[in-house]
Amino acid sequence: MKIVYVVPGPMDNKEAKRRENLLKEWVFPSTEVEVRTVTTGPASIESMYEEYLSIPETAKLMVEAEREGVAGAVLGCAGDPGLDAYRELTKDMVIMGPGAVGMHAAVLRGSRFSVLTVMDSTITSVYDLVDKAGLRSKFVSVRAVNIPVLDLAKDREGTLAKLVEYGKKVLEDGADCIVLGCMSMGFLEVAEDMEKELGVPVINPAKVAIKMTEAFAHINYTHSKKAFHTPPKIANGKVKSLDELLVSK
Amino acid sequence: MKIVYVVPGPMDNKEAKRRENLLKEWVFPSTEVEVRTVTTGPASIESMYEEYLSIPETAKLMVEAEREGVAGAVLGCAGDPGLDAYRELTKDMVIMGPGAVGMHAAVLRGSRFSVLTVMDSTITSVYDLVDKAGLRSKFVSVRAVNIPVLDLAKDREGTLAKLVEYGKKVLEDGADCIVLGCMSMGFLEVAEDMEKELGVPVINPAKVAIKMTEAFAHINYTHSKKAFHTPPKIANGKVKSLDELLVSK
Amino acid sequence: MKIVYVVPGPMDNKEAKRRENLLKEWVFPSTEVEVRTVTTGPASIESMYEEYLSIPETAKLMVEAEREGVAGAVLGCAGDPGLDAYRELTKDMVIMGPGAVGMHAAVLRGSRFSVLTVMDSTITSVYDLVDKAGLRSKFVSVRAVNIPVLDLAKDREGTLAKLVEYGKKVLEDGADCIVLGCMSMGFLEVAEDMEKELGVPVINPAKVAIKMTEAFAHINYTHSKKAFHTPPKIANGKVKSLDELLVSK
Amino acid sequence: MKIVYVVPGPMDNKEAKRRENLLKEWVFPSTEVEVRTVTTGPASIESMYEEYLSIPETAKLMVEAEREGVAGAVLGCAGDPGLDAYRELTKDMVIMGPGAVGMHAAVLRGSRFSVLTVMDSTITSVYDLVDKAGLRSKFVSVRAVNIPVLDLAKDREGTLAKLVEYGKKVLEDGADCIVLGCMSMGFLEVAEDMEKELGVPVINPAKVAIKMTEAFAHINYTHSKKAFHTPPKIANGKVKSLDELLVSK
Amino acid sequence: MKIVYVVPGPMDNKEAKRRENLLKEWVFPSTEVEVRTVTTGPASIESMYEEYLSIPETAKLMVEAEREGVAGAVLGCAGDPGLDAYRELTKDMVIMGPGAVGMHAAVLRGSRFSVLTVMDSTITSVYDLVDKAGLRSKFVSVRAVNIPVLDLAKDREGTLAKLVEYGKKVLEDGADCIVLGCMSMGFLEVAEDMEKELGVPVINPAKVAIKMTEAFAHINYTHSKKAFHTPPKIANGKVKSLDELLVSK
Amino acid sequence: MKIVYVVPGPMDNKEAKRRENLLKEWVFPSTEVEVRTVTTGPASIESMYEEYLSIPETAKLMVEAEREGVAGAVLGCAGDPGLDAYRELTKDMVIMGPGAVGMHAAVLRGSRFSVLTVMDSTITSVYDLVDKAGLRSKFVSVRAVNIPVLDLAKDREGTLAKLVEYGKKVLEDGADCIVLGCMSMGFLEVAEDMEKELGVPVINPAKVAIKMTEAFAHINYTHSKKAFHTPPKIANGKVKSLDELLVSK
């Protein structure tokens, strides 16, 4: 069974490989994992505009993966950009967004969760994501460490210290589970260190998303086509490919 | 004071002109209105994927309009695709999404509202939009007439009959206000006819969006930059233009 | 097109004229504005009891205005006292309450709002108003500056300082928009000064209410009679006037 | 211990006496009950305007009762008009509104409740009352039998038949408890008959309100003055009586 | 009319008698009160496991009381353990849980309430209880004094001081009513002392539960059997007694 | 890695073996599965009382499994009876309740879900479970097929027909995912047949619970001890074993 992890922005091959190796450590032996990255997209995602920019190219990778018979795909951004669109465009492949998965996992492990996000610029989108996931009554707070995504890994200890500092704040807010709101935080592998300091579960969105995708793909738990219809123009046969949905005057 | 109405898909000039003329009828004499359309985009928007497809080109028109000193912009799709992104990218221009505006207007006019949308494929996005607007406790139901966007105007009487038929259903659901969930419904000018048949307010998203934009623009009621931050890479000066946010490997 | 602004308490003519002049500055040239005040009512409104006291006389002014063919009316109190009753008693005139309008405007401009109110005695009513508007999921907090309504204008700088002080507190609470919860705060014209200090939109309930009323009145967006029925005794013809609804034994 | 039941509209003495006798049957032997009625007010309450009309005179009876040392007061209308105001104006007397009491009682007896109200014109106010009580998540539906208040008792069997008919509808809606949304329904003593037909609890707002008031008054469970502040002008001594809160220019 | 107060854990006779005497002080003269205790159960209840442990024996006392013709029963734990089960097993006896009763009473007396509980270990269950009661929109916060149940009475003054200290915190959180979340706090009779210090109502769950049970029992306000069905095996006659519901392989 | 599936009621060995075999089909090759059943408990669970009856014996099996080093446990009842208690009593073993897991899985696969439960007697508990899971805003409806648990397997085709019939009803209610609310429905393996008829995902609680437990156990995603504290008497060392928590007088 094959799972692809689709990075919705260009990423250098070394880092992509490093992430692939981590993902492989997390899955069961029989699960094959491959990281795929778009060639054109945002350098990192710290705004809704960058989220949207990432979608057209990522959609192509998703559709391609399904055609190849890939069983499941993880969308590699904790804002879940385009998740509903990718589900509209596919039918047989499980696709999971780590934002929603991370928050549901928190509720399955605890009672009330907070999110630690990268920048103040992503706070509003966390609220919107919580509402989209339907989890407002379990949500305590969101706080930003204000370290740009591309700087998170430059000083792992500094980042960890900030995450612990803000983790303590959300515990005071009342959280009993913490969700990391960024994939680069996930691949920094700080969750375990944070747990030691904070004494509560810290959800790594990369790890939990690949596990949930693996679990669902293994039993063909794909998405509801009544919730995520095939775009009518494709369903009706008026349009034959993704590309034709984009027209010019 | 100038307001632009930005159509997020290509539209033939005649229809664009027709819509512009209607919009001009709705505003105050001192308000200038111009319809602008992207040259590349989805033919119509009936899926989340088409919503996302429309964003990159529309963003450019929005940023351009602000640079020209335009006071307000209406986003010409009732799904409000990219609204948060356009607000991130601008600061001094009021931008309104007719989806959110229509629903808030319904709550300001009545007590409980339903949405009539085009296709079953847009029902999930209506729920998400209601939650994003924070109006779940005032929301009764959404029903689709299942007429494709591009067919709505082909048989105005047929469309009106369907809208009245489904309008009666949502009244039975308990609504006391009805929101039309598609701009092409708005420019078909059926709301008044529906009101006569149904006896409750029927919100035309095009009309109410231009009025709200006009009202807010007139008093400089722009959006909160604390809610919609400028993308950090632009704010920090690392990136000089929209185009540079998109990179290739 | 004529809009009346109805003050639900007695007000000296000079202050009423001052307010009328401000309102005139805010509307479009073609909109006529007139301030009307009851002759008997509460000196100011800082309690629910005073809200209720204001209703019978204000109702008469509302009904009278509709009879005259006035297009829209603003209820001049941010607690929206009697709004539903005035809508029951009218049909063709737009009537807006600045409390609800201000909160919906905040949600249209930002993501999460707080209210600054006058006294601790009005805090419970703000919660009730938020629930009535259906906006609990967008509401962050309410804080009172504890300056009586009639003292707000006595020391404009002192009032502004307090509002900025409490504005900072609600920003810490997480708000990205602030709503002023009192018309006298609105006519003090402090919102712009607050915005400069606080960096987020500050909604002036007087300004936004007149603009929304003007916008809705211009397109005949009156209220739903299914939500706000004519009182049955009037609808059935058993009672011919407002006064007859009040009987004595 | 004395409880007063305050009718917020004029009522003929015979009917007032009949109600007093019923109330006396429901209380414990040591509890004294007296029905008091305003001399001027609405003939019946079927609209928000009539609710508001009832408040000024009722407030005087409430304040007077507290001065006499009455232990508790029931507000005799299921819309709870003015309840918050009466609590602002008193401190030592328990005051209960049968609307809120009835709905909380339903939740204490079952899991999900519906309300049967008199007229379509009171449906919106039931939603508002549910929200004010904080019970939206337990609320199933509201339906109106559309019999005017003053006609309810004219044909007891006809009214009962209608209530059973609509009771069956709300059971289909999913309710497991039914709340009668009108005091005249309560004093018609139909709840027990309805229970026999419907097999679920039917809350008589008159009966449960007097019992809850009696229970709370017996242990001095008055209202929170932090929730219902004394009007500042009275608290500060600037105004000496209720009447002085109403001023004329 | 007889009310039993059922302690769901073993309690020494002296303390049971002391509690019975207090309960007798709170009821009307014609109400008979008896405290009954299980002989086997948890020593105190500070965890969900202990809640569940208490249920089988308590169920027997409840069923027995109904058979004797007892009119009402108070479940003697503020976590309301097994309340729904006891209601399934009975039909004619009012059974109240002080957890739900206390929270509804708070909402009937004020606008927004907080809970003071014994230990951090009961915080999650307070959230669940609030949701089960349907009162999340009226709930402000829960705080634990972290004094074990069995130590509460060892140092009444120390306990009171802690409760006042945490009471001040929840007032800052925004509460205008406080609910004591433990019966042993109730029987310590600290609520009145707390009210003097804090100026807001402090709900004694023991006192309000016996009063509500007394009030409801007096008018036969039992629970909805549509909400709390008799277990099908008993309803169908396949099982003749409680004991037979427990089978062994 | 070993997962136990704990049946909280006595079950004959043949059926237990059959279920174990199905569970083994669903997991990855490296995962060991063992079904364990209590020897004393309810014959089936169709009421809250039976839920509670199952807890004391099941708790022992859970604690024992953790001591053995089992990685994860599935609680074999879709009402999740005692889940919070088992989490209080353990620390290193993942424990999942299929009720909550099934509902979260539905939200991860679709947008709005309904539950099909066995009997009317379990409807209230489904509402409570939805609220406990925090998923009310994604919940559409619950309907009971009214086939006793122990009869579900007697006529597989009849049961399937009923489930399809009620499945159609919940699709009309608006659901786009269906959750089976009973483990015996899960082990009947009807979900796939239902999906073919209904065209939407049908969640098998047994299958999804074992997969989620397997996934979480594989990465040590245990529960939050801040949400589910060890019972204080055990944490403080006052009590050495589960049995000692139960005392007699």
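For clarity, chains are labelled A, B, C, D, E and F in written order, and residue numbers in each chain start from 1.
Throughout what follows, a residue touches a chain if its C-beta (ideal position, glycine included) is under 8 Å from a C-beta of that chain, and two chains touch if they have at least 3 such contacts.
Just so it is clear, the model here is predicted, and its values are computed rather than measured.
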item	value
Chains in simultaneous contact with chain E and chain F	A, D
Reaching chain E from chain B through chains that touch each other, fewest steps	2
Chain B and chain F: spacing of chain centres that average the CA atoms, whole Å	44
Distance between the centres, which are taken as Cα means, of chain F and chain A, whole angstrom	27
Between chain F and chain C, distance of the C-alpha-averaged centres to the nearest whole Å	52
Residues of chain D engaged with two or more neighbouring chains	111-112, 124, 128, 131, 136-137, 176, 226-228
Contacting chain pairs - touch in the sense defined above	A-B, A-C, A-E, A-F, B-C, B-D, B-F, C-D, C-E, D-E, D-F, E-F
Parts of chain F lying in touch with chain B, wherever the complex brings them together	111-112, 137, 174, 176
Chain F residues within the chain D interface of the complex	124, 127-128, 131, 136
Chain D contact footprint on chain E (complex, rising order)	26, 28-31, 96, 100-101, 104-105, 107-112, 131, 133-138, 171, 176-177, 199-201, 203, 207-208, 211-212, 214-216, 218-219, 221-228
Residues of chain E that touch chain F when the two form their complex	9-12, 37, 39-43, 46-53, 55-56, 59, 82, 84-85, 88-89, 119-121, 124-125, 128, 131-132, 148, 226-233, 236, 242, 245-249
